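Read through the structures below before going on.
Each of the two complexes below includes subunit A, the first together with subunit B, the second together with subunit C.
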Partner chain A sequence: MSVTIQLQRRSGMGQFLSAIPGAGLLLILMLVLFTIVNPRFVSQTNLMNVGLQTSLLLMLALPMTLIIMTEGLDLSAGALLGLSGVIVAEALLAGWGVLAACAATLAVSIAFGALNGVLIAYLSLPAFVVTLGTMGLMQGIALVLTNGDPVGGFTPAIETFYRSQLWFIPTPIAIAAALYAALWLLLYRTRLGNYVIAIGGNKDALRLAGIRANLVHLAVYVLGSTIIGLSAVLLIGRTNSAHPTVGIGMEFEAIAAVVLGGTSFEKGQGWLFGAVLGALAITVLRNGLNILSIDSSLQVVCIGILLILALLIDQARKQFVRRTA
Partner chain B sequence: MTIPATLDIRPSSLSPDAAALLGRFVLIVLIAGALTAVDPGFASVSNLLNMLRQASLLFLVASGLTLVIIGGGLDLSVGANLTLSACLAAAAIKTTGNPWYGVAVAIGAGTLIGYANGLMINRLQLPPFLATFGMLWVAQGIAYWFMAGQTIYGMPMSFRYFGTGFFLGVPLPIWITLVVCLACSILLHRTTFGREAYFMGANQTAALLSGVPVERRRLLLYVLSGLTAGIASLVYLARLNAAEPGIGEPLLLPAIAAVLVGGTSLFGGNGNIGGTALGAILLTIIVNGLNLLNVAATWHPFVNGAVVLVAIIADLVISRRRSGSG
Partner chain C sequence: MMHGTENQDEQGDRSLHTPKGSASRAPGSEADAPLLRLVGIDKSFPGVHALKNVSLDVYAGEVHVILGQNGAGKSTLIKTLYGAYAADRGYIEIEGRRVAVARPADASALGIAVIFQEFSLIPYLDIAQNIFLGREAAFSRFGLVDSAAMHAAARTILDGLGLDYDTHAYAADLGVAQQQMVEIAKALSQNARVLVMDEPTAAISERESDRLFQTIARLTEKRVAIVYISHRMKEVQMLGDRITILRDGAVVTSVLRDQKSQAEMVGAMIGRPSGSQLARTPRSPGEPVLLARDVNTAKLSDISIEILAGEVVGLAGLVGSGRTEVVRALFGADPIASGEIALFGSRALATLDRRVRAGMALLPEDRKREGLALPLDVRDNATVASLWRSFTSGWFSPAKAERDTRGLIAQLGIAAHGTRQSVHTLSGGNQQKVVLAKWLAAGSRLFLLDEPTRGVDVGAKAEIYRLIDQLVDGGAGVVVISSELPELVQLCDRAYVMRDHRIVGHLAGDQLTERAILELAVHQ
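After this line comes the complex of A and B, so read on.
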């Protein structure tokens, strides 16, 4: 795949265009369109908003890319985000320190990541059903802990952290960028990253090569839920409250971002930067529709349509490449 | 299209299936017995009929899902499909006053959603869980937008008969369930289509190479799943006497659990509709039992998730033993 793209790049502008994923084209199209409709779209405050929203979505979409590259899926990501937020909030309310609260949510996230990973990697159960089941567990625990009510009134330090800046860059954006850099290094510059990529291609071959493939597979899920558990701090910082069902549906946006970015469910052909493009496309779409004051439930429908459009573009592009090659 | 006689793709033989069904039935009787010991009110005719009525709703949602899973697919959109169909049907009944418009709208919307699922999987070559997961959120989103925060309630009595009425002393939803169960059973075990569904689920490539029109059959499976979700939405609407966009979402996990507990393998090619019916009854009894034991309703998602996980691990153990011995 990557080889063909490199070849195309050398042979002319038209074919270079065909190498951009559908999400990239749609992103440019949407940017132009929303700017024409409402110039306020490119104001500094609004672009900052887009950045903040993208960074939170990326905290889910980046680990999801790794998971999908192993031909897996995590439907429990949104529920874990909600549960982690509830745990942090409840721990803070119970008088724990911020670090202790984070440690508590970290322990729960790692435990659930390990549960997902063991069932998927070691027992070879289908990821979508395993994570659907654990989603039920997480949602249930979050509801039981809170009785279904939002939790607020904890230390404002969390919100201060969310609103703080690191050298003029909002902390959430800096964290998302650091996470991207770290995962990029892990995936493309370490042996572990090679193994992760290899699991999606051929897990048996990896095992036969003497690598503990199951352990690597498990590690992907544990890493994913660790990241999600910690990003819950950003989520509850944004609204200064934790709600047990707030994360529900975010797994859809994360998966949509990854698929928009051109990562395939088959053979684990993936692209980490694709998740950034996809997350940006989704956030820009939501933001633009907000400016057009379109109902948030219809925005979800539009994300679905965007996804289908991107897939159609990618399919057409593949056929084009095949025809010209 | 007939399949060569040497390729017998019916579920192995009847006896192990019958044994598995019997095992589930005994399990149901045991749990029911235990609950009766805790609270004698459990075994009253009214409570039992009420539970069967609840189970029939779950079964209707799970029945089409069973067909899809046997054929090697998955439909995560059944709950959202029910939501949207119920909301649209309620609006149709409210504005026209004629229940039959509601029936037509619910069945039409349900089938259309199923058709769209099949189309996405066939044309875009999306994995079934991805396409139907996307459909879940799209249908849910349309329902929320359509209802705009309102609840539609107060259906005419002639319509509520579907959910609350009795025929020969038995609630009407149970009759509907029996009809759907019989229809699915005939479809699976007495038609070429059924055989081809098992074949596709067991080995899609082999089915394709043997001349089974896999794409057309798959499309029909998803349409049927949408159809049963549409029927379920009518029963739900008639019983609840109200429609709002949150009704279907809590049904997805129990529906999948009912299929898995009923012995249909998630890997396709294996299972039957009777098992799903027993699975639906088992899940309903568990929830009813939790209520009897005064467990808060907030625990339900946890219990459903746990049942799904236990069922899928049990499925794995059973299928490994089966492939190990045979």
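After this line comes the complex of A and C, so read on.
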């Protein structure tokens, strides 16, 4: 009596090929559509632009994937990005060196990540409310520090870094790629990665396996805010100035990218590469609409529609699979 | 690194200190010292004396069955053994050495593994990752997990159990039986010497059970001690080398296989000889309170039922035969396709809210989800179906609600700190009483009770029986669904028996016996 089960893994190439998520299909569709409507879309300059914008979104969406896999959420991600940028800019203006300014913003973002993490992991407060609260906190501090005005006039070294290239790849894209590789290794090839998946799946079971589950849970939030703090350097390099409110709405795009990529809010079911697809889909949509000169408020409407459309496609496919199974 | 099976052998041999020739000795023979001893374990919870001076000897290579009704203390005993509860008195010995088990980690370190009824697998980790969860260090290489080595080790363990599962499959994609087997593999990979299984066949099919029994036989050959919790007599007699019977938190008897007949064991479990019944006092029912004729729904065919005031009517049948669907249809919770239902002589009461106002009450099977608002307190739950009573001149009066709730707490004997205690902190029996209180407050006259004593301890069970008697004496009609046949026979004046979503029989008076119900409920 032998029961053979043939199951495919969903964390690798198998899933990618057999079940491209709705976001992937829409991405391909949009690429084709925008190219037909305006061939300028596939020009090298424009594609480079798409890459640069995607890489910045990924700095938020990749750690957000891990957080959502723990059945959590980080609404404060965008606010922290804005605050971190302000801190770097202010520190540079105050005559600090680049490394010192980075260290300062790192310290602040780690502290806020720890605050989120302690409240969520150790005190079991709902992530939605906690990060809603810290979002306001960070936003307020950024506004107080700047009186609400953009901060500019610091060393051009930051912008030079943003515009630099590693071999022929723009540095921001290279950094996003490196971050993806690092998080992929972490999630799929280390103990910590297993524990991150386990927290979303069954935190009690992880604790009963003798693991300090709360500490792992906390670490996910600290890791996320550390990455965001560092990516603020790229953000202010892009415009050579720091805007206290620049991050507002970026948490929305990051969460949308993660969900578009097929990561679920339940049971630790997630897919890191899905966030890349999701971020690309959002950026391509925005960029394409820009080329078509569509108003930026309408673009937000379109992102919302894209999100719902992708979910509908996934839902329809699930039901189709169930019927034919 | 653990390589399952070979290690199990060494472990077993080491622990026995016996020459190889003695391997053919009968499992658990008294000549060996017990591998595990529980001595004088006593445990109380507020209001319940859950374990009373329980002692237990478990020998290497034997299957030690713990038998008892729901609420007899089996689960509490396991949790104490596993360090999830601390015993008030008593201690645990392994190989004659007294050990401290304060936390689950202590139990694991001592080679005690438990497979609980609720599984602990992580849905989106694969089988290998689940088996070695928390013990990945053994496969660590340069800080990364050596996936290939981990899967190879998992393969070895699964092969040792005769399982050909793909170690890359997610737990989320496994069936219940497969999850059960992975839990066993996980327990074995920890070099478990004592493996506790809590009703392992409750959720799996017969074929899968057979597979589990083969695994158990293989494990006992390797001198692993199995503590097997069940109340299925067939399994107990097939598997058990030694059988300990628990009742009301105390050990009634501990015997070797074949020392007691099935009837004697059942008698020891329920505290009276099997087959004997408590005398039913015949009741004199009054007017019909409910008449259902030829009711058909999406899940039911031709249901005709009559309930009179002042009688208890049973709805018997196997799980899944449509009993719950019948009370839901009568209550108005599910739509009916055809047929008619007359309540208190009126056919006009067609919707759920009208029926409730007329005096119909449903005690649902899943009380936590359908019967209670768990985070809310006793008062909120008890008054929810009769909130209009708590209003004076148009305004909500907390004092009135408070008074009424106090009255209900006293009347039903609900063990709560007060009216504002949140119901999720109450025991199962007291939660059930709160659901009843809700309907008593609403002045209900027809009670549909779906498994009223499930998951309720023995004392609360008796109280619920007493409350049912009171309801009926007060002229209410009561319908009881129960999977426990003795309970049904004891409680009911008559019973309808269901099979395949139809009523297949009606038993009353002396005809109403466990055997008669079973014969009707099971396919011939």
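What we mean here is this: the second predicted complex is superposed on the first by the 307 of 325 C-alpha atoms of A that agree within 3 Å, B and C clash if a C-alpha of one lies under 4 Å from a C-alpha of the other, contacts with A are read in each partner's own complex, and residues count from 1 in each chain.
Please note the rule applied: a contact is a pair of C-beta atoms (placed from the backbone, for glycine too) under 8 Å apart; a residue touches a chain by one contact, two chains touch by 3 or more.
Only a predicted model underlies this, so the values are computations on that prediction, with no experimental measurement involved.
A.B. asks: Is A:L106 contacted by the first partner subunit B, the second partner subunit C, both or neither?
C.D. replies: neither
A.B. asks: Examine A:L206 and indicate which partner it touches, taking first as subunit B and second as subunit C; both and neither are also allowed.
C.D. replies: second
A.B. asks: Under the stated touch criterion, which partner chain does A:A256 make contact with: subunit B (first), subunit C (second), both, or neither?
C.D. replies: first
A.B. asks: Identify the partner contact of A:G148: answer first if only subunit B is touched, second if only subunit C is, both if each is, neither if none is.
C.D. replies: Touch status of A:G148: first partner only.
A.B. asks: Between subunit B and subunit C, whom does A:D295 touch in the aligned arrangement: first, second, both, or neither?
C.D. replies: first
A.B. asks: Looking at the overlay, what does A:L307 touch: subunit B (first), subunit C (second), both, or neither?
C.D. replies: Once the two structures are laid over each other on A, A:L307 reaches subunit B alone.
A.B. asks: Of the two partners subunit B and subunit C, indicate the one touching more residues belonging to subunit A.
C.D. replies: Larger number of subunit A residues touched: B.
A.B. asks: So in the superposed three-chain picture, is A:L125 touching just subunit B, just subunit C, both, or none of them (first/second/both/neither)?
C.D. replies: A:L125 contacts subunit B only, not subunit C.
A.B. asks: Can you list the residues on subunit C that touch subunit A in the complex?
C.D. replies: Interface residues on subunit C, with respect to subunit A: 104-105, 108, 120-126, 129, 133-137, 140, 143-145, 147, 162, 164-166, 168-170, 172-174, 178, 207, 210-211.
A.B. asks: Please output the residues of subunit B touching subunit A within their complex, sorted ascending.
C.D. replies: For subunit B paired with subunit A, touching residues are 74, 76, 120, 124-127, 129-130, 133-138, 140-145, 148, 252-253, 256, 260, 266-267, 296, 298-306, 308-309, 312-313, 316.
A.B. asks: Write out the stretch or stretches of subunit A touching subunit B in their complex.
C.D. replies: 73, 75, 119, 123, 125-126, 128-130, 132-141, 143-144, 147-148, 249, 252, 255-256, 259, 265-266, 295, 297-301, 303-304, 307-308, 311-312, 315
A.B. asks: List the residues on subunit A that touch subunit C in their complex, please.
C.D. replies: Residue list for subunit A touching subunit C: 1-7, 9-10, 185, 189-191, 194, 197-198, 200-202, 204-206, 208-211, 267-270.
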